[in-house]
Structures are given as C-alpha cells and as structure tokens.
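Questions regarding the structure given below will be posed in turn.
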Amino acid sequence: MFYHDRELQYKVRVDKPNPQFAKLLQQAIGGIEGEIRVCLQFLFQAWNSRGPMKYRDMLLNTGTEEISHIEMLATAVCLNLEGSSSVLKDEMAASNPMISAVMGGKDPRHILSAGLGAMASDANGVPFNGSWVVSSGNLAADMHANVMAEATGRVLATRLYEMTDDSGMKDMLSFLIARDTMHQNQWLAVLEELGPGTHPIPNTFSQEKENQTVNYTFFTTNIDRQDPTMARGRWSEGPSIDGKGTFRQEPAAPIGGIPNLGPPDKETHAQRE
Amino acid sequence: MFYHDRELQYKVRVDKPNPQFAKLLQQAIGGIEGEIRVCLQFLFQAWNSRGPMKYRDMLLNTGTEEISHIEMLATAVCLNLEGSSSVLKDEMAASNPMISAVMGGKDPRHILSAGLGAMASDANGVPFNGSWVVSSGNLAADMHANVMAEATGRVLATRLYEMTDDSGMKDMLSFLIARDTMHQNQWLAVLEELGPGTHPIPNTFSQEKENQTVNYTFFTTNIDRQDPTMARGRWSEGPSIDGKGTFRQEPAAPIGGIPNLGPPDKETHAQRE
Amino acid sequence: MFYHDRELQYKVRVDKPNPQFAKLLQQAIGGIEGEIRVCLQFLFQAWNSRGPMKYRDMLLNTGTEEISHIEMLATAVCLNLEGSSSVLKDEMAASNPMISAVMGGKDPRHILSAGLGAMASDANGVPFNGSWVVSSGNLAADMHANVMAEATGRVLATRLYEMTDDSGMKDMLSFLIARDTMHQNQWLAVLEELGPGTHPIPNTFSQEKENQTVNYTFFTTNIDRQDPTMARGRWSEGPSIDGKGTFRQEPAAPIGGIPNLGPPDKETHAQRE
Amino acid sequence: MFYHDRELQYKVRVDKPNPQFAKLLQQAIGGIEGEIRVCLQFLFQAWNSRGPMKYRDMLLNTGTEEISHIEMLATAVCLNLEGSSSVLKDEMAASNPMISAVMGGKDPRHILSAGLGAMASDANGVPFNGSWVVSSGNLAADMHANVMAEATGRVLATRLYEMTDDSGMKDMLSFLIARDTMHQNQWLAVLEELGPGTHPIPNTFSQEKENQTVNYTFFTTNIDRQDPTMARGRWSEGPSIDGKGTFRQEPAAPIGGIPNLGPPDKETHAQRE
Amino acid sequence: MFYHDRELQYKVRVDKPNPQFAKLLQQAIGGIEGEIRVCLQFLFQAWNSRGPMKYRDMLLNTGTEEISHIEMLATAVCLNLEGSSSVLKDEMAASNPMISAVMGGKDPRHILSAGLGAMASDANGVPFNGSWVVSSGNLAADMHANVMAEATGRVLATRLYEMTDDSGMKDMLSFLIARDTMHQNQWLAVLEELGPGTHPIPNTFSQEKENQTVNYTFFTTNIDRQDPTMARGRWSEGPSIDGKGTFRQEPAAPIGGIPNLGPPDKETHAQRE
Amino acid sequence: MFYHDRELQYKVRVDKPNPQFAKLLQQAIGGIEGEIRVCLQFLFQAWNSRGPMKYRDMLLNTGTEEISHIEMLATAVCLNLEGSSSVLKDEMAASNPMISAVMGGKDPRHILSAGLGAMASDANGVPFNGSWVVSSGNLAADMHANVMAEATGRVLATRLYEMTDDSGMKDMLSFLIARDTMHQNQWLAVLEELGPGTHPIPNTFSQEKENQTVNYTFFTTNIDRQDPTMARGRWSEGPSIDGKGTFRQEPAAPIGGIPNLGPPDKETHAQRE
C-alpha cells in the first residue's frame, strides 16, 4: 500500500523559466528512458514477484522512489512553463516571421492541452506506452531490463544536464543522476548476488536441449570473406562469458533449404492468376 | 549493403499445423521480445556507430542474422496455419456453441488480414512499435539493451518450446534458443572488453557533478521502519559494483519542500473559482 | 513524496484460479477505464495544480490510493494465473482440437511475456497509453474528466463482478466498487463547491466573444424534417443548464459557402492533370 | 444514413496564412480533445443505443454536426498552409542558421506527407487513436464522457482563440466555441432529465453489494497526520452528492495483509536462484 | 456540411447472434482495411483537394457513403452481441474448463467496455489509428491509396462472407462487397481519366533530375547468381510500364563505399572506451 | 537467408550538416511512406507467398534492397547531425530568446535518446508502426499496396529533394527517387502480367454472390440534387474499368429501415432511466 506527504524528495528550482527545456524534460517523464517507465517496471516486478521476499521488498522501495522522481520532473516542467503563454501569444500574433519562429522547440500541447502543466508523454509529445514496462517473471532478465533502463536513463539525464545553464535545473539533475548511479549499481548487485551460474538466461532451461553446434558461434553474414580480422573481438574466440562454451567465428551458411508452403486456401480468396 | 539467398538459415518443419501455436509465434516476430526488434536494434546501432569500426562490423553481422530469424518464424507461422481456414469456417458456422468455441486462441487477423500468413505484430495482434528500437549513442548502454533483449527473447523462446509437442517446432526453437545463448554471451563479451571502468554509464560524465550524498544510498520508502532486515542484500552495504563508492541504506526523507507554482496564466483559461 | 508498506489496502483472495478472469482483470489495470489511468491522472492534476492548495492535497491523496488499487489488481491477476502454465501446455500439445480450444479467452502474453504475472495492458493485450491521462489546467474540466473516469471505471468493475462466482474476487471487487462510489461523489463534490457559475467551461472566457446566435441551439441534421418530435428533450427548449441562455431547436443549414483553396504549390509535387 | 452538401456549416476565412497556427489547429482535429473524437464518440453511442429512441436521435444529430466541424477545421488548416512551401524551401536552404530556424513550430508532415493539407493527427503529429472513443453502454457514463470531451474541447478552442490575431480564425473559433457551449449544456441536460437517482453510476448495480464501510469515506494517504485541515472540503463531510451516504475522512490503513504468491511455475522458466 | 436520416443504407439482419462473429466484424470497422479508414481517407482527400472541383465532389460523395457503412457494421456488431452477456457469465462461472473455454474467440471489451456495443477498434481490440488516413496532396498517389484500401477491404469482406452461415450477415456483406467492387472501379476510373502520362508519380518532378542509370533496373540481391531465370518476369525486360524506359536486370552492387561518421560528440556522453 | 557487406549501395554525402533536415529525413526512414515500411512489407509478402515462386523471388530481391535504403538514410541522418550538439547547447543556454529559438525544427530525441543517430520513427518522432505492413495473402491486393507505398514514397522523396540545397543530399535523393520510379513500374508490371481479369480484387469470389443492383453504381449523397453535372466523370457512366459492368450514377437512398436493437442486457449494468 502507498502513502505520500506534501514535500518533494529534492528541491526543484528554476531560475529562469524556459518552455523549450520543459519540452526536453518530458523525455525524462514519459519517454522510454523516463521515470514513469522505471516506476511501473519496478512496481510490476515487485507485485509479480514469486521469488525470495527480499527482492519484492527491494523493488517496492525503489519503485516507490521513482514516483517521487516523476513528481519532481513534473514540477520542473510546470516551473519552466511559467509565463510562457503570454509570450507565445505575442509571438504567434506578430507579423514578423522571425519573431513568430520563436515558437519553435516548444511543445504546443503544453499550452493547448495541459494549460502550462506536465503531460504523460515524451519530448515529441508521443504518449507513454505501457509496452515498455518489462516484468518477465525471470529475475535475471528483469534485472538486465532494469540496468538497461537506468543506463539509458542516466545517459538522458546527463544530456539534459548539458543542455541547460539554469543552476536550479542542474542541481535537480545532479540529484537524479546520482540516483541513477545508485540504481545501476543496485540491479548489478542483484546479478552479482545471483552468482556466476546466472547465464544463459533463463538458467532453468536445460542447455542440452539447445542446438549444440551453434550456441557459441559468432556468425558472420558479410559476403566479403577476404578479411578475417573484421568483427573480431572478445566474442569471436576464447571461453564464453557464461563459462559454458568456447567462442568461435564462422561464416553463416544456410542449411534450411527453400521453404515450401502449400497453395493458398480457397476460402481466403487469394487471386486467381 | 544487403543480400539474400533463397534458403532458410535453418530448417523449419511443422508436423501438425496448429493455428493457435501460429498466434503464439507472433510474439517472437513482432513482440517487444521478438526478432524484428533485435534486428532493427542491432542494425540501427551499427549504422549510428561512431566508435571503433569493429563494433559496427559485429553489429552488422548479427543484425543481418536476425533478418533470417524473422524469415524462419514467418515461415513457421505460415506452415502452422495451413488448412486452418476451412476448419474455422466450419466452426464458425456450426450451431453447437462448444464447437464454435474452437476459434478461441487463434488470431482472427491471420485469416482476415493476412490470408494465412505472418504479420508484423505480437501474440495479441498488437503491431510492432518502433519505440522499442534502442540505439542510444552510448555503446555500454546499447550493450545492456541488447543483453536485455536477448535475455527476454530467450525466456520467450523457452516458453514457446514448452508449449508445443511438435518435433519440427521444437527443433527450430532449439536452434533459435542456441543463437540467443550465443548472443547473450556476445553482448556481455563487449562489456567485458570495455573493462571495469564502464560504470556508471555514461562514464564520460564527471561523477563530481553528481550529488555526492545519495549516489550510493539505497533509499527505503517503507513506513514500517521497525524491521531493519527487510530489503537487505548485496545492494545495501559493502563496496558498490562499480567500485567507486560504498552502499548504504537509509530511510527516504523529503528535503525538497512543498512545491510552489505560480497562479494560472490568464490566457490558458483556467477556471475562475 | 511517496512511501509504501508491505501490505495490501484490502485483502485479495482467489478461491479458484482462472486465467480467463486474469485476462478480464487486465482491463481494470491497463485499460482506458483502469487504475493506471486514474492514478496518473489524479497525480498529474495534483502536480500541475495552480489553484487553492486544498485541491492539490485532495488529488494527491486519491492519486496515491489508486496506486494501491493497481497493486491489488496485479496481485489478483497473479493469483488467478497460478497453475495455469502446466494446464496450458497440456492443452496446446493435445491432439484433440476440442481440448486445445481451451486456450481461448486467455492472454498468451500472461505466459509468454510475463511468466504468470500482470502487465501494463488491457484485456486484449493493448498497452496502456499515456494519452488517456487528462490534466487540462482547468479544474472544472479536470473534475469532469475524473467523474467520467470513475463512472466508466465503476461500470467496468460491476461487469467484472457479474462475470465471476469466485467469492474472493467478488469481495475484492465489492471494495473497489465502493471506492468508485466515493470517488464519483468526490469529484462531483468539487464541482458543487465550485458553484453554479462553473459553466460553460472555461468560465474565464468571456461569452460575449462566442457566436451569440448558435450558443444555445440544438441543431438537427436530419433531412427528414416532417416529424418535429424526434430528438426532443430537455436540451431542445427551456432554460439552458448553465442558466445563461435558452435552448431552442433548429434545422442545421450551411452558411459557410463552398471552400475555395488555392492551387497546389509547385514544390509539393501534386500531379499534373 | 448520411448525406452532405458542398458548403461549410460556417465560414472559414484566413486573412494571413500561418503554418504554425495550422499545426496548432491539428489538436482540434485529431487530438484527444478534438472533433474526430467527439464525432465518432457521439455516433458510436447512437449506433450502440439500446435505450429510448430519442437519445439515439439526439446523438445522431450532434454526431453528424461534428463531421462538419472536422471539415471546417481541415479547411482552416489548408488555408493557413497556403504559400508555406516555397517559404520553407528558402528557409531550409538558407545558410543563415537564424533564418533556417523559422521552420520551428511547423509540422513538417504538413508538407512531406500531406502536401499542404490537413491530417488525422494532433498538434505534435501523433495520430488520432480510436481508444478515445467512449461508448460504454451506460447512458449516464456516456453523458459524463461527453461533458468531459466538450469541456476540454472548449478549453482547447479558447486557447486557440488567444493564440491568433487573425480575424477570420477568431470568427471561426467564436462559432466553434459557441457550439461547445451548447453541447456542454446538452449533455448536462440529459443528465438532469435522468434525474437525481442517477448516481452512483451504474445505478443498476445494487449498492448493498458494495463494501459498506468505505463507500463514502475520503481516505488520506498523507503520512503527516498532524494537520487535520489539509485536503478538507465538500468531499470530507456532510451528505454525499448522490444523497445516499455521508462523507467522512479517515487515514488510509492497510487491511489486506502481505500478498503471498505461489512459487514460479517450472515451465515458465523463472531463474534458478 | 453533413446530414443524416434515421434509416440504414441497407438492411442489417442477424438470424442468430454470434459474439465471435461480432469480433470478426470489428476488423471491417476499426481495422486498417476497414470503413473508418476509408471514410476519413476519402473525406480528408476531399477537404484537402486543390485540383478540379469534380474530384472534391466525388470524394465527398463516397466518403459520406462510407459513414453509412460504419453505421451498418456497428449495427451488425450490436445485433450479434444480443444475449451474449448472460451466456458468458454462466460460462465464466462454470467450473467445467471445457465450458468456460467458450469465451474463446470473443472480444472481452465488447462486454467490459462497450456493454454489448461496437467499438472503434479491430478484430483484436487494437484501436483505430489515424496514421492510416492517407491524403498526400497528389491525386494519383491518393487514388492508388484508395484502390489499395478497397482491394484489401473487399478481400476482408469476402473472407467474412465465408466465415458465416447467417443469411442476414451474408446479405449485408453481399451489399458491402458490391460497393467495394464499384469503389475499386471508381478509383481506377480516375486514374484512367488522368491518362497515360500519370507515371511515375509524381509526374511533376522532372525525371531528368533522377539518377538515369538505375531508374528502370531490377536489382537482384541474390548471391546465388548461377540461375539467371530466377525472379524473371514482365519487370525484368521490355518497355517499362510508364513507357519512359526499358526494364533490365542487374545484380545489385555497392557503389557507396564504407560510411565514415565523425567521432561522438563530447556532450552527448558516449562511452569512454 | 540474408547477408551484407560493409559498403553502402550508393554514396551518402552531406556538404553542410543540417539537423533540421535530419529530422525531415526521418519521415523517409520510419514514416508510413518510408523505407522500413516497404522493406518489411515486401519481405513479409515474400515469406507469406503461396503463389508462383517467381513472385517470392522478386519480392525477396526488392525487400532486401530496401534494407540498404534504410541504411543510406540512417547514414544521412547521422551526417546531418554532426556538430549539432554543441551548437544546441549554446542555443539552449543563451538568454536571448531569438537565439534559443534556433532549436525549432529539430528533433530533440536525436540528441536526448539517440546521441546524434537515426531512429525508427517519423519526422515528428512518432515511432514506426507494424500495422502499416500489408501482406494480404492476395497478390493483386498486395501489388496495389506496393504501388501506393512507392507512389507516396516518391512524392515524399521529391519533396525532400526540394527542401535542401545540399548537393550531396540531392544526389542521394536522386538515386532513391530513381529507385522509386523503377519500383512503381515493377509492381505495375506484375499487375499487367496478371492480366485484364484481375479486377475486382479478389477475382476468386464469385461476383454472382455480390448485390447486383449496386455493384457499378456511383452513389451521390449530396442533398442538392439540382445540379446533375456535379461529380460527373469517367466513374459515372460508360463501361466499368473491370469490363464487367456499366457505370451509372444515382442519388443514395436508404433501404435499410431504422435499426431496432434489443434492450440492454441486465448484467452489463446499463443505467436505469
């Protein structure tokens, strides 16, 4: 069950409102790298958790923290939009095309639909999509999904940090970036705790059932076979990362033959040719 | 540039067509864990690659292989649908409700829209969505996105394996599962090659700029503070995984104050209250 | 800021797991009438609130309660799916078409993607969409959006109630339906508090600027003009509900003339005809 | 059945084409607050109507009128785009970054995809989505959905009115705003006609079946319990709006216990831990 | 401007309600091959028309007719759902898994969200999407989009015809199929009227500006070059269809060199490697 | 099966990077008229092909070529974005609103999400959608879908050509436009090869089953019947294009009567009125 108080987790201050930055911040709210995604992802993983209770607990704690991050960013969007409506009106109405251009880089729905508030969408106004919420029922797969979400999330936050000189915004982002540092470490910590036998995921599927000739082979599809050094790396020779095989490299070659489908079904009304 | 031949990478055989299994296979084609996603993801990462050429090359090879996987699965869908139209017609027309129920578990668009062919959508008929294609411009973040895609992809494939007794389908899935094993190892191999300084991602953002008091703290939002053992684990004490800090656990507490937005802008027509 | 504890707001009990009912419950989680929508809607309205603080507070309280409702429903989905995997496998594998039909009515992604857990999508597997989150910056408009969400939400919950005989599920729904009763009343209470001058929304736009000849006219587009009683009701005569005009009924007639667009722009490459 | 003539319902005049305003107008065509939504919503409610014929008739009339509103707005978009292609070409080609910036605030697909015409999408180019079309099979719920659509629709139209000084556009919007005034009144008139026993919706579900201890309670989730005046209002004491209960306020407290899910199903391949 | 009357364009009769067929019919309402798409497509093409008035007029007539087709199909969905709720309740509640399976093949949202009415979505419950509405500003391109829509639409309708034995439904579909026959002919008639110089589309772009060495070449990407008869047909030799070139066949070969992107931008925070 | 080499099909050169043009190019990658769509469309048609092998072969060749087009355009996006990050940072940070406006017309996710790379979305950042991939199981319908895709695709490419003065970009587009010329001809060549009996599509549905009174009638829905010359053209008289009927024009008139639905089902909880 969930509770709240009236305060923000960390201070949100905007020295100079900037509706263009408000638009950029939307990516961190409703984008695929954003806080709604991680919030719902960690909470659904907690609610669906069938493993040791400590993982459910941990996920609940961090999922709940992410709601507070959405709140901070929504507040930042609101503060960046303050005063922008009157300005925009003047710009739209002005006859000088150069002046009217100032609307560029703003999200028109911040005024039209949200009345200078935040929305559940990304920096292009594309709505948040529930398909991004990954809760697979496999703890290791979920942890990798979480590392990925926090990695792209921290990349996003550092880019936002570069794109503003507002000291309030930089301070808020400095907090969120630090939390992303922690959360990246946190999900990796679970993977470390799960130990070296984690891979390949899922480790409960007997590897004897998988095709034994291709499970540690790096296939090259490049038709220029002359240069054997291309695409060579840690993945093309030596022991595999999961310690269960040996990498090798081979040119990909078809062994499946030409597919042979039956004729069209009469009742689907293919064309008579 | 890209080429093809007429053969499949691996044999696709269906002993007994099963339109319900055709529906399930769609998840591996057009679902978020599916082959269109990894195909486009690896190819976009290759095309956008600004780092050492060997990563571009490697990504091109594996992205190209994934096209062949889509092809195999599309062929499997077609073969599983053979003969299903006539049967379905009889079922729909039958007056016995029990018989008409047989349509359950099939994708009606396999007949209505695709004429017994495969589609670019998931097991519920929800179309493939380009937002799932992650190419962040940060190699480590991309590799984590790839590990995640292959981890959930292999989980999906093993579940499909469990849900069929068709030996042809089991053989095909055994091949695809083996490739997922390799690909999980492959992306992890790049991360190993990048070395221990990879984290936190991106490692080019100076950590001095991030808030130093919260970057290695596991915050608990649980209001029941009495049980200090809850949610304890590798993530709550000891050195952080990136080796750059020390984990600690603290109850989350607000330090941001109550947000204070300005009054509504007159021209956005808030309500007079 | 947000907090949690480990318990559910209300007991979730499933006497007899039913994966088909799990699918139906998804509508109350990730559907347009569902709990993710109201949760985010009330929270965004709170975070964007620029009016009297008491509305922000109220919205925060109820938005936070809705997270607990998502949690209850996710738990209900999980419990309804227990044991369904093995059964499904047997069904898929069985050669008897009647038996294999049993998969009908289940969401295949509950197994394939979520490993017997809940997802952020609706009863057809269509993902939650952030466009449903309405926060307009106008309090009265938002309250109507909330009444609508709770009205369709309570309709959904009563239909779910009818479709199960599981006493645990009926008990949980009885709780959620009661909360919807309260919440419908709650948003209407705000509208009552706002008083009789609320309409038309927004009431800060001077009605003198709107076209005075059509603002209280019910236009009929029916070309059969012979029966003047058709479509008559409270809306076709008498004082308008906002008390600011008088309803009347008139056949719609065009006064806009035939639109006259310019020729195609050369550089857009329309067809030479 | 439906008919048309060649004229517009009301005159659409643009004194000075403005492609940026064309982009803003798209919100009123294909956005969630727009005319395609209300058009389809009223028509589907009419077509699905199983109640007294007069409601079907009324809905058909107003749904049909909304098609004419889409037509007016599409015409307005076309007129605002006239001449914009050549200007844009020059801007794109210019070497001066300031000049090239003029493209800001325009929808590039107005040229690229529509050749200076209107599209079925919103002000950010996000396509119209059929999920917004609410027809619940419950008349009161539908009327609230309609009030909400017209309330957010009128808010949108008044904001568009503020953002232009084009007298033709102001005149057209003055007409559409007036129609929204009427339509808000119209749906409220149906609710008045349905009478005081309408709530809670649906009123055909016996309230005896709902949980009697929480159906008129305003739950506070705020953990700062010290200030009892927070979030107090019409909704926290006194008779409920539906006249069937008495509001009271209580701190939310969990009575559901800790959820206890079964272990993962072997065949879903959770992780061995 | 638009009008209506109370009658249907053609009789809609259902002899034996079938909720599974109701689900299939949704494809013809809200699917990509369905009537909402053609309706909006023809109307937007009319409203955006900048060519001879007769095309605008024709498009308005047929676009308006399509609204009547949506109406017919929505009515057919409603009639097919009659009585299905009580049956479904019994099925869901029944303890016999075989009986409960009867829900398979029905759209649960027909009950849960629409109360036994039609929805703006396809046969899998995926909402109508405005991106399908093509109005390109080029008449010939639009006509091809219309031929395509009517061709896939008629294919869909004939498949629906095969999947029912209800004489009422067959009669309704017989009408809609006939209209599709007319509409296919209609759009082709415009193309014939435009004459032989229509291609390539757009014919206002000077072909001198296109690359002269590849504009009539069929490239083969097949790496098996040994069999020159593969993929031979009308498209590989002889005069081109537009009469402006000569088809030839050539193996595709790269002439673009290896792409050479610059190093990552420091401020986008790529990884230090 | 699929292969690649390291080179581009055709040279991609950008003389002067322009991030605004990068945004426009996205329409040709991930838009409905773009290369991902045609690539997947042709490949799915090939994989689903149940007709003569030569069509499968041809589709495979051209579908494979389209991957190379995505690659070229992704490269063009990357090159157009070079150097744009630093500039943008300065613009965002500048206090002069005119300067900050320069961000207008750029896709913020090119920096925030892709780190100056290409994405699988359109010119407004709306993700590619799998619903656009048409593979109907009917060869003629598919060919029309392909003509339509190439026609709107060539229109798009010529508009992009007009919007740049960069000689490298013009050269690349000149190649892609030439390929669209070929591909339009190619799909028309298949239709010519199929011969005159192709229409109406599908030609395997006996036309005797379609309603014989309306299959060649152009219905006018215009209520102004006075001017018989409106909307006259090749489609209103003379032999039909398929040679199987004679066009005629008639005012549309309803023959379907007023629909009569049953009362609401008790268990769906319609409103008591």
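Letters A, B, C, D, E and F mark the chains in the order given here, with residues in each chain numbered from 1 onward.
Note that in this section contacts are C-beta pairs under 8 Å (C-beta built on N, C-alpha and C of every residue); 3 or more make two chains touch, one makes a residue touch a chain.
Predicted model only: the values in this text are computed from it and were never measured.
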Pair with more cross-chain C-beta pairs in contact, given A-D and C-D: C-D
Chain pair equivalent in interface to E-F, over half of contacts matched, among B-D, A-B or B-C: A-B
Whole-Å gap separating subunit A and subunit C, where each centre is the average of the chain's CA atoms: 27
Centre-to-centre distance between subunit E and subunit A (centres being mean Cα positions), rounded to whole Å: 32
Multi-partner residues of subunit D (at least 2 other chains): 1-9, 32, 47-48, 50, 57, 60-61, 64-65, 68, 75, 78, 85, 89, 98, 101-105, 111, 113, 115-116, 124-127, 129, 131, 136-138, 140-141, 152, 155, 158-159, 162, 201-202, 205, 221-223, 230, 252, 254, 256, 259, 261-262, 264, 266-270
Arrangement of touching chains [line / ring / star / complete / other]: complete
In the complex, subunit B residues that touch subunit A: 3, 5-12, 32, 54-55, 57-58, 60-62, 64-65, 68, 72, 75, 78-79, 82-86, 89, 111, 115-116, 126, 129, 131-132, 134, 136-138, 140-141, 144-145, 147-148, 151-152, 154-155, 158, 161, 174-175, 177-182, 184-186, 188-190, 192-193, 199-202, 205, 207, 209-223, 230-235, 240-242, 245, 247, 252, 254-259, 261-262, 264-270
Subunit D residues touching subunit F - in the complex, by the definition given at the top: 1-6, 47-52, 85, 88-89, 92-93, 95, 97-98, 100-109, 111-113, 115, 124-127, 137-141, 194, 197-198, 201-205
Subunit F-touching residues of subunit B, taken from the complex the two chains share: 1-9, 30, 36, 40, 43-44, 47-48, 50, 57, 60-61, 64-65, 67-68, 70-71, 74-75, 78, 113-121, 127-131, 133, 135-138
In the complex with subunit F, residue positions of subunit A that touch it: 16, 18, 20-21, 23-24, 27, 31-33, 87, 98-99, 101-105, 122-126, 152, 155-156, 159-160, 162-165, 221-224, 230, 252, 254, 256, 259, 261-264, 266, 268-273
Interfacial residue positions of subunit F with respect to subunit C in the complex: 155, 158-159, 162, 223, 267-269
